[in-house]
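Working notes for the structure below.
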Amino acid sequence: MTDWLGPEEWRAVALSLKVSIWATLVSLPLGLWVAYLLARKEFPGKQLLNGLVHLPLILPPVVTGYLLLASFGPQTGFGRLLESFGIVFAFRWTGAALAAGVMAFPLMVRAIRLSIEAVDQRLEQAAATLGASRIWVFATVTLPLILPGLTAGAILAFAKAMGEFGATITFVSNIPGQTQTVPSAIYAFLQVPGGEASAWRLVIVSIVIAMSALLLSEWLARRAANRVRAT
Amino acid sequence: MSLSVTLQHQLGAFTLDASFEAPEGLTVLFGRSGAGKSTIVNAVAGLLRPDAGQITCDGAPLYDSATGRHVPPHQRRVGYIFQDARLFPHLTVRQNLLYGRWFAPKSTPGPEFNRIVDMLGIGPLLGRRPDGLSGGEKQRTAIGRALLANPRIILADEPLAALDEPRKAEILPYFERLRDEVSTPILYVSHAASEVARLATTVVALDAGRVIRQGAASDVLSDPAVTPLGVRAAGAMLEARVQAHHDDGLSQLDAGGASLLLPRVDQAPGTRVRVWIEAQDVMLATERPQGISALNVLETTVRALRFGAGPGVLVQLCFGDTLLLSRITRRSADALSLQPGLRVFAVIKAVSVARDAVGDQPRPEL
Amino acid sequence: ERITVFAAASLKTALDQIADSYALTSGDEVVISYAGTPVLARQISLGAPADIVVTASTEWMDWLEARGAIAPESRFDLAGNRLVLIAHDSSHPAVAPEHAALDKALGEARVAMALVEAVPAGIYGKAALLHLGLWERLSPQVVQTDNVRAALALVATGATAFGVVYDSDARAEPRVSLVTTFPSESHPAITYPAARVDSRDTPAAQRFFAHLRSPEARAQLRDMGFTAPPGAP
Amino acid sequence: MSLSVTLQHQLGAFTLDASFEAPEGLTVLFGRSGAGKSTIVNAVAGLLRPDAGQITCDGAPLYDSATGRHVPPHQRRVGYIFQDARLFPHLTVRQNLLYGRWFAPKSTPGPEFNRIVDMLGIGPLLGRRPDGLSGGEKQRTAIGRALLANPRIILADEPLAALDEPRKAEILPYFERLRDEVSTPILYVSHAASEVARLATTVVALDAGRVIRQGAASDVLSDPAVTPLGVRAAGAMLEARVQAHHDDGLSQLDAGGASLLLPRVDQAPGTRVRVWIEAQDVMLATERPQGISALNVLETTVRALRFGAGPGVLVQLCFGDTLLLSRITRRSADALSLQPGLRVFAVIKAVSVARDAVGDQPRPEL
Amino acid sequence: MTDWLGPEEWRAVALSLKVSIWATLVSLPLGLWVAYLLARKEFPGKQLLNGLVHLPLILPPVVTGYLLLASFGPQTGFGRLLESFGIVFAFRWTGAALAAGVMAFPLMVRAIRLSIEAVDQRLEQAAATLGASRIWVFATVTLPLILPGLTAGAILAFAKAMGEFGATITFVSNIPGQTQTVPSAIYAFLQVPGGEASAWRLVIVSIVIAMSALLLSEWLARRAANRVRAT
């Protein structure tokens, strides 16, 4: 594989993996929390939160990228504030992870939310009567039961993150070795005369990674459905 | 060790306004479907917050609308046994059983794990997951799980309703043992007369959200004025002692001085048991009948008669301190000129007493 | 009648103006799709319904010609341009186009450029920086976009501090200031060749194509900061 | 008009190997849980394809493993009444009722819509959706839906099992009417003795996948050798005619010449009814008892005795052509020296015959 | 609104609506069929079909666009074949609809599939015993029961189609009034000095449209869940 892919292609693959894994892992706790809120709580602004979460799914990705740039860019107050803590997103791989995470977030939340909704709340009641506080109920009953669903959601998000392009290129541009993810590299290769061969190699790599992730996720989701039922 | 409940709660068109005490032993909350039984149990467990009232367990207030106190479910230390076992599907039987242990106060040690496992006969299941268990095994595990959380009170909401007859017969004795071997008070919901008869120490009869009668099981059940489950389910609970087992499959019991012959009961001679005799299985005769198949003929005195709307009459009889109920037609009551004080013979066929109508008798506290 | 033009992104402001005034006098409707030159070229080679194409470099027009996508006889150089370094800081002082001064001025700051391997503005820019001996050091700071106007937008919004764009772009955007103009010998000559697409030879397209060669159109281009095509008298 | 079934089928460890005929009228398929009843019904409906066998309805082969014929469910014209009503939630009651009409052959007109609606008393529900209906209303609608599809046979798989007692009592008469007023054969699954007794024309008793007995209901049920539901559910079905209703709430019936007094039955004087009398409610006496509350004392002759493993004995009695079963202890049988041919008095308490044990009698075909 | 939006912006909105509505309506029957296959049938290659359906969700959109161009482009054999029937996709609004439909397809199929899986199959059995053949069972029982879920899926797809950018701009370019959808127009405006105002106006329009669609879809999905239960 190292032979088959050129060094630049290889770097793009490595970067994309890093970006997608980070995007997935970091957004997972937040996704879990938001999915839980949406599945279980009633509060004012719930539909607004729901809309906000879905926004990246339906907004043009370029717009999402510009919104990110306008929020986290080095010129913005917020960007400077973060920078004083040593956190920089714009034109960094961290920004690519942020963009990928934001774009994959709705898919992750949808999947986790479904698995939470499938959990029999009577089991949670039973745990409460046995002495488990809210947090313990969540940790010992809800979480184990949604684990396959959670994993499925995370993997779907990972696959989506691997393919994210519009928001990424807008937010962090296309700096080889720093922010040039596989999709950006494919795009760049497609613009260079004779770059098609490299582009198609990367397309194959991303299809293979995404498809494996996807099949794994579907399989886990199906297992989840079988497991969560109360007994 | 007792539970005291006073509740008002409104659910749609339904109004609950009930007040009762559950002392030591097993208190059966019974009444028709929709009477409000589950609502009460959920309020005791803290899964429902009533509009008003007080709930006190063992002196500790669990809920008091006056002070606004509402102890959350996980701090109430109730052992709730649900109709559907609600075992955790991702845990083994052992882990299910030990679940409450994680959260139980370490200071007051609960029942010993092995003792409960033995009592419920679930030793061989410990490593399995709930998935593959039969309905009866699941329910036994659920009982063990509730017990091992070392609760101050056990709640059971129709724990047998989802099981078929053989399974019911399998679980009932465990509740008898619970009542007799564990000193925790039990609040048990049922609308099956046979369960009530076999298990109850105390009975709280509920109708349309109100307590219509409460008291010791033998008193309440033998009262012809109380038939919350309908006259066809009326009957009396006799306390008896097993005397001997005969070769022809019959057992001889002594009930308040009178001798009863019943199909073989499982308990050893000397054991005190309770026998449920349905009112409609008791025939009355003014003379001692001769040459009949019925083996049990008791000399009794009529104490009270209750005429209902239909063609039947409930007749309360007594022999010694023991009460018995008989249901006959109004026409027969007239023909026999029944009236309080009259001496009559109660005729009971041995075979009409079902096997599951004989159970262990609650023992005084150990 | 409708004429469809595929044009390099940097022509946006000028060509829109030419098309508007042409539409007023001729009654024809001119529809222009702007993108980075490689995107245009590739789409035209795949049959995009353009009547006229204007790229920002001769290479990509040669590439189209080699594929038989354009009418070779129609090809002519429409304009030239200069390459500049711009800054977001409106009061940035002018800097001489030489290694030391630029090196100091740019420091560690991000520089927005079009794709340096593919898009003409990026190719010219990389050549200029190479020529000045700055490419090696600067390349990790270079932020690449798919066309030159996207790079301009990054500087305009302050997302990057500097950018390498065409002079005409810099003039169209009030929020950027000119830092330096790269010497014309530091990069290949900037040429905007125009041609009619071979398969689409309508009279309206021919009329507008002719109009592009008119002195009026040339004047409008000149006003927008374009130069005469290299080699033109 | 009849159904003929011969099936072999393997489901996991369970083997079904059954063969029976369901003639005119209502055939009850009964047996314990897991005996294979639902499997048979599903095979008849075409929802399950058996391993081997033949199913013929009205001469038309529905399934034949020899020829490989397997008519798909929608072409079988069976009216399947499920335990859960399975009404279409998106359709009104009227639309549910008429659903099968769309597909029924136009050539043979089915039952008239209004007649069925009247028979089931669902006129006021027609515009409503299943959502808001009570369990009994749902099940009545499901019955109507099956009937109006103009089926060649009606299948009912424990249609009352999910209902509580009052609801059961509400629906049972509709199945009686169905049996009596509709000429379609009915295959009815049940494991409740009272349903079997009230409804069956023919009985097919199933045990562990095999047919252990089949025949006319009165023959099979009064046979002391057949107690597929256990001896406690044994009993006899008497054919009787209502004679008069008395003011004190009792009704007088004539059963094969003997007079029976029972709690008020709903049918008008002159109506032929069937009465289910449980064996354990029948006491025997060698002399006519005097001064007893039981109103019914029948002179009978012992026909057969069946001794079981337990302490009980099933005694088959007859008076005229009518058969009766009594269950007494072995000890009593010895004490009374019971043996075939002996004349004994059967004592039956009026109140021990439940209201739902009296039903319309199947009429000969109209 | 006609005043607030300039004519070019207005044209982009109209085009995007047309493209998204067509994309949704045309892909709906196919989406229904595929969702049904995935929910109910077992067949060899099922996981392959499932992967294929999901591909646009996880592949870089630009790649999807290029794949479309490589399949349906006027230079390709297939493109020429279609053209001889008068069907042209590349660089037409029809192509924008195709791209949008392909990109939205996975979301549509996922939503419909869930609603089909929620249908109680015992109701379908009941319908069969009442004489309804497979097709009639589907038309009179399954379809009415999944209608809210179907609508929810369609609306989600519509919202996604409204935001589709990468595949669209690659496949049909960015020709004002012909293939310039709202996202392409936003992209174009963001590159014109002073074009931000127009861009943000379009962003607001697309957020409003997408959010309304989304809330409607969530609401329908919740209704669907309540309705499908057997009674």
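Going in written order, the chains are labelled A, B, C, D and E, and every chain counts its residues from 1.
FYI, contacts are C-beta pairs under 8 Å (C-beta built on N, C-alpha and C of every residue); 3 or more make two chains touch, one makes a residue touch a chain.
Since the structure is predicted, the reported quantities are computational estimates derived from the model, not experimental observations.
Asks: Which number of steps is the smallest that gets you from chain B over to chain C via touching chains?
Replies: 2
Asks: If you tally contacts for every chain pair, which pair is highest?
Replies: B-D
Asks: Find the geometric centre of each of chain A and chain C from their Cα atoms only, then give the gap between the two centres in Å, rounded to an integer.
Replies: About 37 Å separates the centre of chain A from that of chain C.
Asks: Quick check: how many Å separate the C-alpha centres of chain A and chain D?
Replies: Going by mean C-alpha positions, chain A sits 61 Å from chain D.
Asks: Using CA atom averages as chain centres, what separation in Å is found between chain B and chain D?
Replies: 33
Asks: In chain C, which residues are in touch with two or more of the other chains?
Replies: Only 39 qualify.
Asks: At which residue positions does chain E touch at least two other chains?
Replies: Residues 190 of chain E touch two or more partner chains.
Asks: In chain B, which residues are in touch with two or more of the other chains?
Replies: Nothing qualifies.
Asks: Applying that definition of touch, give me each pair of chains that meets it.
Replies: A-B, A-C, A-E, B-D, C-E, D-E
Asks: Per the contact definition, I'd like the list of chain A residues that touch chain C in the complex.
Replies: My answer: residues 69-70, 73-75, 90-91, 169, 173-175, 177-178, 187-188, 190-193, 195.
Asks: Which residues, counting only chain E, touch chain A once they are in their complex?
Replies: The contact residues of chain E facing chain A are 47, 50-51, 54-55, 57-63, 66, 107, 114, 159-160, 162-166, 182-183, 186-187, 190, 203, 206-207, 210-211, 213-215, 218.
Asks: Which of the residues in chain A come into contact with chain B in the complex?
Replies: Its residues touching chain B are 120, 122-123, 125-134, 136-137, 140-141, 144-145, 227-231.
Asks: For chain D, which residues count as touching chain B in their complex?
Replies: Those in contact with chain B are residues 33, 164, 232, 246, 248-250, 261, 263-264, 280-281, 283-287, 289-295, 310-312, 326-333, 335-336, 347, 349-352, 354.
Asks: Inside the complex, what are the residues of chain D that reach chain E?
Replies: 45-47, 72-80, 82, 84-90, 99-100, 102-104, 130-131, 133, 138, 145-146, 149, 155
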